[in-house]
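Labels run A, B, C, D and E following the written order; every chain starts at residue 1.
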Amino acid sequence: ADKVVLQLKWVTQGQFGGYYVAKDKGFYKEEGLDVDIKPGGPDIAPEQVIAGGGADVIVDWMGGALVAREKGVPLVNIAQPYQKSGLEMICRKDGPVKTEADFKGHTLGVWFFGNEYPFFAWMNKLGLSTEGGPNGVTVLKQSFDVQPLVQKQADCISVMTYNEYWQAIDAGFKPEELTVFNYTAMGNDLLEDGLYAMEDKLKDPAFKEKMVKFVRASMKGWKYATENPDEAAEIVMDNGGQDENHQKRMMGEVAKLVGDGSGKLDEALYARTAKALLDQKIISKEPSGAWTHDITDAASK
Amino acid sequence: MKPDTLKNKIIPVTTILLALVAIWYVAAVLMNAPFQRDRDSRAGVTPTTFEFIGKTLAQPKPILPAPHQVAQNVYENTVLRSLSSNRSLVYHSWVTLSSTLLGFGFGMLLGILLAVLIVHNRAMDRSLMPWLVASQTIPILAIAPMIVIISYNVLTGDNALAHLLNLDSDASRLVSKALISTYLSFFPVAVGMVKGLRSPEIMHLDLMRTYYASPMQTFWKLRVPASIPFLFTSMKVAIAASLVGAIVGELPTGATAGIGSKLLAGSYYSQTIDIWAALVAGSLLAGILVSIVGLAAKIVDSAMGGRPA
Amino acid sequence: MQAPSVVSAKDLCLTYQANDGPVRALSDVNLDVRKGDFVSFIGPSGCGKTTFLRVIADLEKSTSGEISINGMTPEEARKARAYGYVFQAPALYPWRTIENNIALPLEIMGYSGADRTRRIAEALDLVSLTGFEKKFPWQLSGGMQQRASIARALAFDADLLLMDEPFGALDEIVRDHLNEELLKLWARTNKTICFVTHSIPEAVYLSTKIVVMSPRPGRVTDVIDSTLPAERPLDIRDTPEFLEIAHRVREGLRTGHSHEV
Amino acid sequence: MRHLTFSWQGVTALLLCLAALVTLPLLAEGAARPFTDGTGTLVFIIVIAAALLSFAPQPPAYRATVLFIGAHGAAWMLLSALSGNEGMATRAFFLLLFACWLLAWRCVTELSNQQPATALGKSTLQLLIPAIFGAWILILWEAATRGAGIPFIILPPPSAIGARIMASLPILGDDVKQTIFKAVLIGYIVGCLSGFLVAVLADRVAFLRRGLLPIGNMVSALPIIGIAPVMVMWFGFDWPSKAAVVIIMTFFPMLVNTVAGLAASGSMERDLMRTYASSDWQTLLKLKLPAAMPFIFNALKINSTLALIGAIVAEFFGTPIVGMGFRISTEIGRMNVDMVWAEIAVAALAGSIFYGVIALTERAVTFWHPSIRGG
Amino acid sequence: MQAPSVVSAKDLCLTYQANDGPVRALSDVNLDVRKGDFVSFIGPSGCGKTTFLRVIADLEKSTSGEISINGMTPEEARKARAYGYVFQAPALYPWRTIENNIALPLEIMGYSGADRTRRIAEALDLVSLTGFEKKFPWQLSGGMQQRASIARALAFDADLLLMDEPFGALDEIVRDHLNEELLKLWARTNKTICFVTHSIPEAVYLSTKIVVMSPRPGRVTDVIDSTLPAERPLDIRDTPEFLEIAHRVREGLRTGHSHEV
């Protein structure tokens, strides 16, 4: 079987349920692939892994991928399983922030390591400085959990709809005690989990064919996972996921982001993401060739 | 056991340990109180002081878990789980232990090799020594993830080294984690062994000269035995450093097993009890490793005519 | 006919380069030691006794002048394993038993197993340490350690024995005993012995030749040939002949000491 | 004595040159700016000449100079030929560079055997020898990354790191202020001081000493760094939580070493104090503390590296958006690997200075200790 | 009328609890030292000489029996700073200059600045170390270090001087000189001195009373009152009277030594 190494962006969890299901249910094998799924972690940069030859394809956010492309790692989006974004910012209702207008002078928790671009794009749009002071916001590099909100170290924190949000609920917050700013709902979302491969490798038809099979099987996995979230959560648990209930809930939430299940990249969303990055000078010139529909088109045939 | 051991060791140590546990309990109540108050007021209940204290010591995700919560968690995850379950602390300790030992082994080899070079070669001594010190001021732990990822990729990628070693992905993961341990542990060994290999007195060296002993004979019959106490002292430091390296190497690198990954997973889900249980497991592991080295030192020492204390 | 020369020094000088300037440790030393001699070196602290022994042993290089050992350079003599050296301190290896400490030179010089065992037993017997083979150095008193170190130097065949204050750490009674034993050994084996001491009676009692040295710069001020008979019971030390030689040595020392304390 | 003195480094360098000649050219075909014949030949001539001249019966100082100029001149020419030709270096190029390296090695060996008379000469050599060694680490690194074309985001060349440092001085300055001057320094001072005070207390109270010492010994072997996330949880995002990690990491080594040091004075020295009927404080001040100084400095040195590591790692678990640990983890995520290495270089520099200052103070304070007196 | 008693021991016993069983270091020691006495203790290694001095100095507690110093218990005497102690090794502090080492007891006992300076100068002069005030201990030879430690014990006013083999590390000439000086000092100041030595001539030369001890268990086997005159030039050592006392001491030692070597 053809070997494919997939590098995830984060630890094993429901967020990547589709790939684990595809592997577990033998969808990859049916396509003649032997897929090795490598979990990530807070300091694993999938871009670096693929540049070093440690993976054939990676799960990455569009922001990180475009930045890497400019830094000489020619990543190409070959599929976009997540058509919506799961990022949001939540604030305590009993705290000072109720609307976007209240941000000024307050402290916001943000994830860095390439996950900060949507936040900065949003602040850019609001015209808020991120350097602190009375007319800007104070930014904290947020750790892995919701403690900053519980302990009132930050007024608002970043969460994923499918993950940390539920940890806040577990910590005793009721949904009505939280103000939620959802990036997708605000129209500020930048593309999240997509599949990326190296441009030079894609020139090789054999590799391209391999990717077609990979994407086809993966999307089949996603379809199965969204239809059977509990079973998918079990599969994730078997592969090293933590906290079963949490994974089941996560599968349910993730299903809402996957969309039509074709994995096809929405060009408008791509354009918005690229523009937001350009506006903030995170990238310096309009990227070109950073995505292709070839793979998804071939896969859906 | 001599009665002195009881009086001079066991009683003071247990007293202080008990005092620490007591302080821990008080701290747990104090630190967990605000959240509990918050919670109670949201739920609209007003517990008695006694109930309140009880609740602060029984939170599922406390800021500071009470000792018995940690103990219970450790007990459940060691005794009650099968050893191969990935919730077993024994299993995670084993994973960490294996890369600790591997890194420690590499570190010892590298450290001893450097020490031998430095002791036998003036140019090495003068050019290498300052850089050895400088090497330890690099915050390797901060770039541990990068190192682990890059070396893992090199080991599994398509290059000459990878073909030469031909490791599978588990072995590569192990080796790349062990590199961090190696980096942290070679230094104390190198420094200690340089000291040790240079520890023979001038008179002992002169004695060898009067016998017209070859450099090899001087090395094996004098320098090596003289350096043994130094070797064990640095081994104690090195094995502890190795363990730190292995844990940090697992922290943010997507490892799914090991004490570091338990710390991370716990921290990711605010499962403080799990964090503390992992810390306890790490501490036990450190204790066991250091004691083993200490025991080995004692045995070797008495075989080499060491005087009982 | 005179016995052949074992150590012969001519105008020997040695200057140490210390960090606060050069130290003249030996200055124009002329000396001839013949086969079978028992030569004692005596002199105040720092007069170069140890340095001279070290030059003979090729542990120190002379700055000028000539020295030959059995007609060879010191280096050749060392490589020919021509001498045994007993340091001022026992210098036993703490991780080796007494037996193995004595075996050390034998191992290095490649003596065979059986030969080794025999030699160790003999040497131990000579210094009355039989029964202590398996002990480690720290289990022995200072005097016993010193004797073990003497045994180590006697275990292999060297005709020249260099001994640097070997009995300094011993009390008078033990010292007397070892003096007797050393004389017996010397008479039996016909070795040549160079012996450093601080004790005038010891020097007079043991030697056929006493070299008196004086410091700053270290030089030989007097060489006294002993008139005592070869047979020397301990109470020879109360005879007028003995006291006279002792007196001459003391006078020699006192002039060397001049005004310093 | 007018015969030649061969060295294995020199001979091997000549052999490597020969091998390089056989495997020419120095840059792969299609290089944008290939070597001109002139420069190529010049490099060969320099290396061969330096190797041959180093065999000549001349004083070592002369040989060292020739080797120094030859090795570094040739290496510089080789490296400067790389710009514009990234990733195009061939085997011959590296063989030649290794030849230069061997000559530099020979040069260091010659220098090590020098015994300069003046103090100035001594300290110059003491700096020059390790400097050459360090320079060659950088040269080989530069050649490996630029010559062999290792991707930038895997390992950037030192020249790019240097450029990045120069371009980012204000940011680096802010990070150093946050991490070193706040977290490390405060944590280090508080940790060492409290370890010291508890040790003095333990020295006075035998019960405390007996109980605390085994525990302290154990704890200093523990992976304390694991409490970093806990500290961030307790003390918040800013520097106090980092300082707390540093305090805990430095406390125990100081405690254990000081207790050992206070017990290190010889029994005869202590008996002497008893014969004077000296009070406990007098004994502490006049005997035990001076005798403990080597141990205390040992702890200060160990702690100087622990402190930096502790603070930087703690920043992984949440910080304001400034600080060396923050920058390192964030810039890896942004693929600015040169910035990561710039922070590392700054950290190593700061650490070395920190260590050096302590080592110098140690020399001044424990001038009497045999390990210092003996050089 | 007899001089008042300074040290008085009655049936003094001391047993050390070593890890391989108890060691009887002193057994039924009876001794009376009177004001102005110069008492030498001599005996083979391990016979308890040091132990006895340490009991007097309250560095060791006796197991049974009685001992009084100037009519006080040893602890009271120590707190009254009744004695100066010179250890077998110099025990100088390496971080203090010679001058400051001598100043150490003066600082602790609260002597004033000017008084201190004067006393240091005097003490240094007494042991001929003037000019070495600013040196550190390791810059001096072993003998000079030992003299500095003697100066340290002499710098403050203690009527009782306890000296444990103070001259062991010195060569014969320096030793002779210091013997003379010590006798002069003793004659001038009327101090009481307890002095441990391994050297028979030294003991005889210095003492008004020689205590011969023997080991296992440590006990006093002989107390010899010297018949030598108070005025003692160095060559008194060649007189028959001297030799006779020396002979008696040697015999006493030899019986103590019995069969061991």
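Keep this in mind: a residue touches a chain if its C-beta (ideal position, glycine included) is under 8 Å from a C-beta of that chain, and two chains touch if they have at least 3 such contacts.
Keep in mind that this is a model prediction, so the values were computed, not measured.
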Common touching chains of chain E and chain B: C, D
Result of counting contacting C-beta pairs for D-E and B-D, higher pair: B-D
Of all other chains, the one whose Cα centre sits farthest from chain C: A
Chain centre separation (chain A, chain E; CA means) in Å: 86
Averaged-CA centre spacing for the pair chain E and chain C, given as whole angstrom: 32
Centre-to-centre distance between chain E and chain D (centres being mean Cα positions), rounded to whole Å: 54
Approximate Å spacing (C-alpha centroids) for the pair chain B, chain C: 53
In chain B, residues with contacts to at least two other chains: 63, 145-146, 150, 251-252, 267
Residue list for chain D, restricted to those that touch at least two other chains: 154, 229, 233, 316-317, 329, 332
Where chain C touches two or more other chains, by residue: none
Interchain pairs in contact, sorted by label: A-B, A-D, B-C, B-D, C-E, D-E
Complex contacts: residues of chain D adjacent to chain A: 151-154, 229, 232-233, 236-237, 315-321, 326, 329-330, 332-337
Parts of chain A lying in touch with chain D, wherever the complex brings them together: 42-43, 45, 47-48, 51-52, 64, 67-68, 71-73, 112-116, 130, 138-144, 147-148, 151, 153-154
Touching residues on chain A, where the partner in the complex is chain B: 8, 11-12, 36, 38-45, 48-49, 52-54, 143-147, 150-151, 167, 170-172, 177, 240, 242-243, 246
Of chain C, residues touching chain B in the complex: 54, 57-59, 78-79, 81, 83-85, 87, 89, 91, 93-97, 104-105, 107-109, 136-138
List of chain B residues in touch with chain C within their complex: 201, 203-204, 206-213, 217, 221-222, 225-226, 228, 304-305, 307
